[in-house]
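Got a structure here, written out as structure tokens. Questions coming.
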Amino acid sequence: MDILIQQLINGITVGSVYALVALGYTMVYGIIGLINFAHGDVVMVGAMVATTLVVTLIGADPGSMAAWLAIVIALLVSIPVCMALGWLAERYAYRPLRRAPRLAALITAIGVSIIIQNIAMMVWGRNYLSFPHVIEPVVFPIGGARISLLQISIIVIATAIMACLLLVVHRTRLGTAMRATAQNREVAGLMGVNINTVISAAFLIGSALAAVAGVMVTTYYGVAQYTMGFMLGLKAFTAAVLGGIGNLGGAMLGGLLLGIIESLGAGYIGNLTNGVFGSNYQDVFSFIVLILVLVFRPSGLLGERVGDRA
Amino acid sequence: MSTQNAATRSGVSLKVWLGIALFGVVLAILPFILGMAGQSWVRTLNFALLYVMLALGLNVVVGFAGLLDLGYIAFYAVGAYVWALLASPHFGLHLPFWMVLPAGVVLAAFFGAMLGAPTLKLRGDYLAIVTLGFGEIVRIFMNNLDAPINITNGPQGINRIDDISIFGFDFGRSQEILGLRITGPEKYYYLLLLLTIIIVVICARLQNSRIGRAWEAVREDEIAAKAMGINTRNIKLLAFTMGASFGGVAGAMFASMQGFVSPESFSLTESIMVLCMVVLGGMGNIPGVILGAILLSVFPEFLRAIVVPIQQAVFGDVIVDPEGIRMLLFGFALVLVMIFRPAGLWPSAVRRRELTGAKGGQA
Amino acid sequence: MSQADNLLEIRQLDVAYGGIKAVRAMDLTVGRGELVSLIGANGAGKSTTLRAICGLVPVSGGEILYDGKSIVGTPSYMLVRQSLVMVPEGRGIFGQLTIEENLAMGGYSRNDAAGVQRDTERVLDLFPRLAERRRQSAGTLSGGEQQMLAMGRAMISQPRLLLLDEPSMGLAPLMVEKIFEVIRTIAAEGVTILLIEQNAKLALETSNRGYVMESGQIILQGPSGQLLDDPKVRAAYLGEEEAV
Amino acid sequence: AENTVVKLGFAAPLTGPQSHYGEDMKNGLTLALEEANKQNIQLDGKPATFELVSRDDQADPRMAVQVAQQIVDEEVNGVLGHFNSGTTIPASSVYNDAGLPQIAMATSPEYTDQGYDTTFRMMTSDTQQGAAAGQFIVNELGAKTVALIDDRTAYGQGLADQVAKAVEAAGGKVIAREYTTDKANDFTSILTNIKSKEPAAIFFGGLDAQSGPMRRQMVTLGIKAPLVSGEMTRSATFLKLAGEAANGTYASLAGVPLKQMAAGEKFQSNYKERFKVEPGVYAPYAYDGAWNMITAMKEAGSAKPKAYLPKLASLQRSGATSQNIAYDKKGDLKEISVTIYEVKNDKWEMVKTMVSKAN
Amino acid sequence: MPDLLLVANKLNKRFGGLQALSDVSFSICKGDIYGLIGPNGAGKTTLFNVLTSLYVPESGNCNFMGHQLTRLKPHQIAVVGIARTFQNIRLFGNLSAIENVMIGRHIRTRAGLWGAISRNKRTRDEEAAIEQRAQQLLDYVGIGHRSNDVAQSLPYGDQRRLEIARALATEPTLLALDEPAAGMNASETVVLRRLIEKIRDDGVTVLLIEHDMKLVMGLCNRVLVLEYGKVLAEGKPADVQRNPKVIEAYLGAGAASEAAKAPAGATTKDMQ
């Protein structure tokens, strides 16, 4: 029981991060139908910028500044950096391809991902950056399980951000314009929507979320490196699809679920299969869950099932 | 249509045949020319041919049938492991070429169908992620099936895989034939060339056939295709199986050429790389896909060969990390090619239309 | 008519898709408060003309003046803010948005929430079928229902110039009558309208003036009544069998 | 008179995340060749100049075969490298085909098990190191129950398997086996599992990029057992990544500390003078590897592979890392040493060196 | 008693809370041009989708020449002899006109994998025949001169004709047309009407959804009127258009009189 609770805590924490990143995927996908392969790398840049800043601010002398203040400053810097990055990619790499076949845009996104990674490598080098150990490891016991203050903060912040985003998309003019643009760009234009602005906005919001996720990852795990975006991006993309790509609620649900599935998978596959398979099959387990979900719900858990009107 | 073709055929046939003959001669002596610069270039060439096979196989799935497959490398892996398991000291089996190759192809095709089955209902990018997952599943199994029973030897991979040998003619060793010294890689080149040509012919014929048209129909509008009586499930499965079997051939060749397989050669990045070849070259267009495969497999080698020397020449030292630059250039190349030639370097007529025919939208 | 009276004035317009010229040297004017119809066979270039006005296809030659100012090259979202509104061919509703949200998009470039609210109510009164389904996603509406939605949405945009591309397409007879009634109502309120229709008879009966287009060019123009009586028009567009 | 140009091939990851290991090796080799060039060695009747033909294998098996071919094309006289098991093994067959002696770095045991007469090592194999680590865990740490984690790479898995064997052989028990990847940084799930089984020690086969965060998460989860790991963990990066949590971590490293090496101090000062940095773990072994090959050539009086290969096999010399360098029939070092380190006060400190004479 | 071709019995289809079809029953005889009319949203297209198995009805069945349509997969519908067009045109937009029609020949031809790869004589002959037949069909619907043009770039009316040619390529017994005259002007509709008559005369039964009353009343020999998913009326056009319920729900006064001017469909049929 304690183990189960602990695994759930582990899963929900990672899941919250996945969800934040998945939102960025889904927003962009929802609007321009692009799997933005470079999104994970934006998260990476967020993590790298934040780590560098915190190191500079308090690295050598832990007493020099309150940890939370340093992290807030790091956030305030990495958010605009990531937003600029997302905006640049959209403006110069994806926008020229709006009318191109979708796979062309996909390959471009792969190209952008490679570019961001390698520039990051040149800037920060190949070595792992270490996030200074500034946060007191406050731990609360829940029965035999433990949850750290950091985990609680991650879960709470992610949830709050996601709630705000839902409100924006479903309750504001910009949100409706986003959804309209997603459906039919040309007609949205005819309604007075500047679609370039709206698409940029989606990238900006997505990148801001990515920055937050990046900061969370690096504070939580204490490491950041130029290749870290790939796996994280992939996981988040999987989460977005699990929830129903293009659907914000789906991205959140998918993220959380994937986090939980992974941690339960790693935790219980061994017991379930009597030790024949172990945690080495964790990803297999996640993908099988994903495939099963899609077999029964081909557009993901919350994906719009558009009655394909013949 | 056909009359037009016939007219042009007789008109330029001499030139065309001369061209083909010349091309044939070039292909035939290519390894010897490259071999002068070193056998490693022959190996690079062989890998280019392997990638051509892979790209052509993926092109059947992505280009012809319009199914985005991000796990294609799994079939390559299946082909490679079948060869490795049936012709190496690992199980002590040393089955001959003519048994192992078909086994690899059939098993890869079977995996193709297996992947196809659960994904048939899925559209577009849902398919992409499921195929990606499938590719990873295959890799993970290969990486972990060393316990409880050792099947794949896990991350250590399988070593000392047999060379192909036909009637005692061993493809791995150098030998003298008619006074001409011919090396292992050179022999493999001809074998690979032969297989590639066979695959090209199969692809070309399939494309212009009843089946090829059915693939096009599925790609363009699945509901309309169904209304035309096309069994979209079978036709998609067929695409997966065909594509997979080409991947299987390439994998088997890879295993015997390298003499060693391990799961790290079959990562997601490889799948993405092959997809880049297909799209960058010109999806759906066989010559385009071949071009894409050759360019992308040689381009990194080429960059590797020039980045350091150029820096040394210009700055007198290696100032910027060569690997960074190399990959950076590669990334920029992908982006720029796509921006300036969104349908690929050598697109098919249909894809070009897709680009200009922006009319309608969704409605 | 003096220039100032024309809300829309097209001079020597050329539009091409790739190498194919879809509209050639077209001249067309719509006066303030006028209802002008543009008829022509399939592929004559009618929709292309409207799309060119709205900045959806690039213009290769000529001038388009709206309210006396050139609007060539102005993106469509800017035009809406100047009250130039189009209902596109094929309706262009947002399938996954609800009917309410679709209507709200009509008011996207307006700043008076109360006015938008009032106009929305009016539209829902006019089309009770839409009112019944306010929260349904628009993609599941039948063809005719979608057309109503598109018209209603345009009305909420408060057009000064309204461009309609085949508003009767796919509508049941009763509905066609109703749509045309709406068109007349809108026109009577002083909105200037350029109407494309395949139902040439109805279009000409409703409009003040008409243009007839063939292969990208205007071949006939004049008061609607006059065109209705023109034997060529009758033969080519009204389907009078005896004349074929 | 003309010189005999002796080309020595070298391949290792020179780009990518493992490139610092490659650079380290390369520096060690360079130092050896520069020294040799000053010594006026006569080979095949002429003064010999040594040249390094260096290639990047990116730690990728496919590239490894490719660069092996390039090295063979350059008509080298012998090969030093590669670094990883995954690259060394497939490349070795290319060198063997060309009859070229190859001295590789550490690698899994399979490298020398292939039956080739051209394969040799610069240092211990993963088996030997794993055995030492396993013994240390049971005998010195007194941990009878051990949990194993590996990253499913050829290196990590190979090492963990050897440790498992050694633990069982020493009377300990492996009570949990968990897995991760070389790209992961979340280990909370597997650690939670392990925690529930209450092992006395946890061994991890993998890289410092994983062991650092892993150690931190162990502490957060309240796991008291020490973490033991292989040579990759004995790095500054680990200390940085694990932070305060690092204390109480052990790592095994093939060889002895430089200070204890036969000619370690001298090597260290030469190296620092030449490259302006401290030598890494592998540089002295690479340096010795190069000298092993050169010595064999000197003894044979020839740089021709056929001629000096037997001399290499029967080599007996004293180098920087050991006074007693000699190969067994397979090409493994006869005498090996493994040192265990521990993090104390945020620094790596030596605990114990275990020397064993194989066979 | 004319041959019954299709008998639909109590078909029901729901979308969430909306009953799109409720207890719809009707039958079509061989040689009919059977009209299907009704207000927008009445369920006409839904009925088409149910007949062609794109939607699965909650209850009811539908017998077509001994086949239970509701048990067939969408792709089997064409095989048993029903072909259709779509209200929102669904051509293979990037393919040429003739390729579109050639795809329609799929189920009436056989070449498989081996035939395609070996390209034996049989396959080559079959290919030639497919191409020839496709060209014939394009000529038949009147767009033979545009066979190499990309479907998407054809004008709307031609696209509708192309859809008909593609459907005919499957050699249907029953051809179901969903608003073929939409977007056509009156003169073009006249041409379309001749085409449909020709198709009927060549032995294909036609099921027609249309809002153009002149066309429906002039062409059909029977008409089914749907409203809110229910059958409102069924019968000869002349009777239907006089039915006050139909006038009130669908036709409106204007269209009723307009349609009345058209020659009645039944007479056309009797004349042949």
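Read from first to last, the chains carry the letters A, B, C, D and E; within each, the first residue is number 1.
Quick note on the criterion: a residue touches a chain if its C-beta (ideal position, glycine included) is under 8 Å from a C-beta of that chain, and two chains touch if they have at least 3 such contacts.
Quick caveat, the model's predicted, so the values are computed rather than measured.
**Q** Which chains, if any, touch chain A and chain E both?
**A** B, C
**Q** Among the chains here, which has the CA centroid at the largest distance from chain C's centroid?
**A** Greatest centre separation from chain C goes to chain D.
**Q** Compute the centre of every chain as the mean of its C-alpha atoms, then state which one is farthest from the centre of chain A.
**A** E
**Q** Distance from the CA centroid of chain C to that of chain E, rounded to the nearest Å?
**A** 30
**Q** Roughly how many whole angstrom separate the Cα centroids of chain B and chain C?
**A** From the centre of chain B to the centre of chain C is 51 Å.
**Q** Between chain A and chain B, what distance separates the C-alpha centroids? Give it in angstrom.
**A** 32
**Q** Whole-Å distance, chain A centre to chain D centre, using C-alpha means?
**A** 38
**Q** Could you say which residues in chain D touch two or more other chains, in rising order?
**A** 16, 19, 152, 179
**Q** Show the residues in chain C shared as contacts by 2 or more other chains, in ascending order.
**A** 17, 90, 92, 95, 140, in rising order.
**Q** Using the touch definition from the top, which residues of chain A touch two or more other chains?
**A** 183-184, 186, 280, 307, 309-310
**Q** Given the complex with chain D, which residues does chain B contribute to the contact?
**A** My answer: residues 38-40, 43-44, 47, 143-144, 146, 154-157, 159-160, 173, 184-185, 258-260, 262, 264-265, 304, 321-323, 326.
**Q** Where on chain D is chain B touching in the complex?
**A** It comes out as residues 15-16, 19, 56, 58, 60-62, 65-67, 69-70, 72-74, 85-86, 89-90, 93, 97, 108, 110, 114, 152-154, 156-158, 179.
**Q** Chain B touches which residues of chain A in the complex?
**A** Listed in rising order, the residues are 29, 35, 93, 96-97, 99-101, 103-108, 110-115, 117-119, 121-122, 183-186, 234, 237-238, 241, 245, 276-277, 280-281, 283-284, 287-288, 290-291, 294-295, 298-300, 308, 310.
**Q** Note which residues of chain B are touching chain E in the complex, please.
**A** Contact set of chain B toward chain E: 1-2, 201-202, 205-206, 209-214, 216-217, 220-221, 223-232, 238, 242, 350-351, 353-354, 357, 359-360, 363.
**Q** Over in the complex, which chain A residues touch chain D? Could you list them?
**A** My answer: residues 2-3, 6-7, 10-11, 13-14, 126-128, 130, 132-133, 137, 139, 146, 148, 217, 221-223, 225, 227-228, 230-231, 262-267, 270, 278-280, 282.
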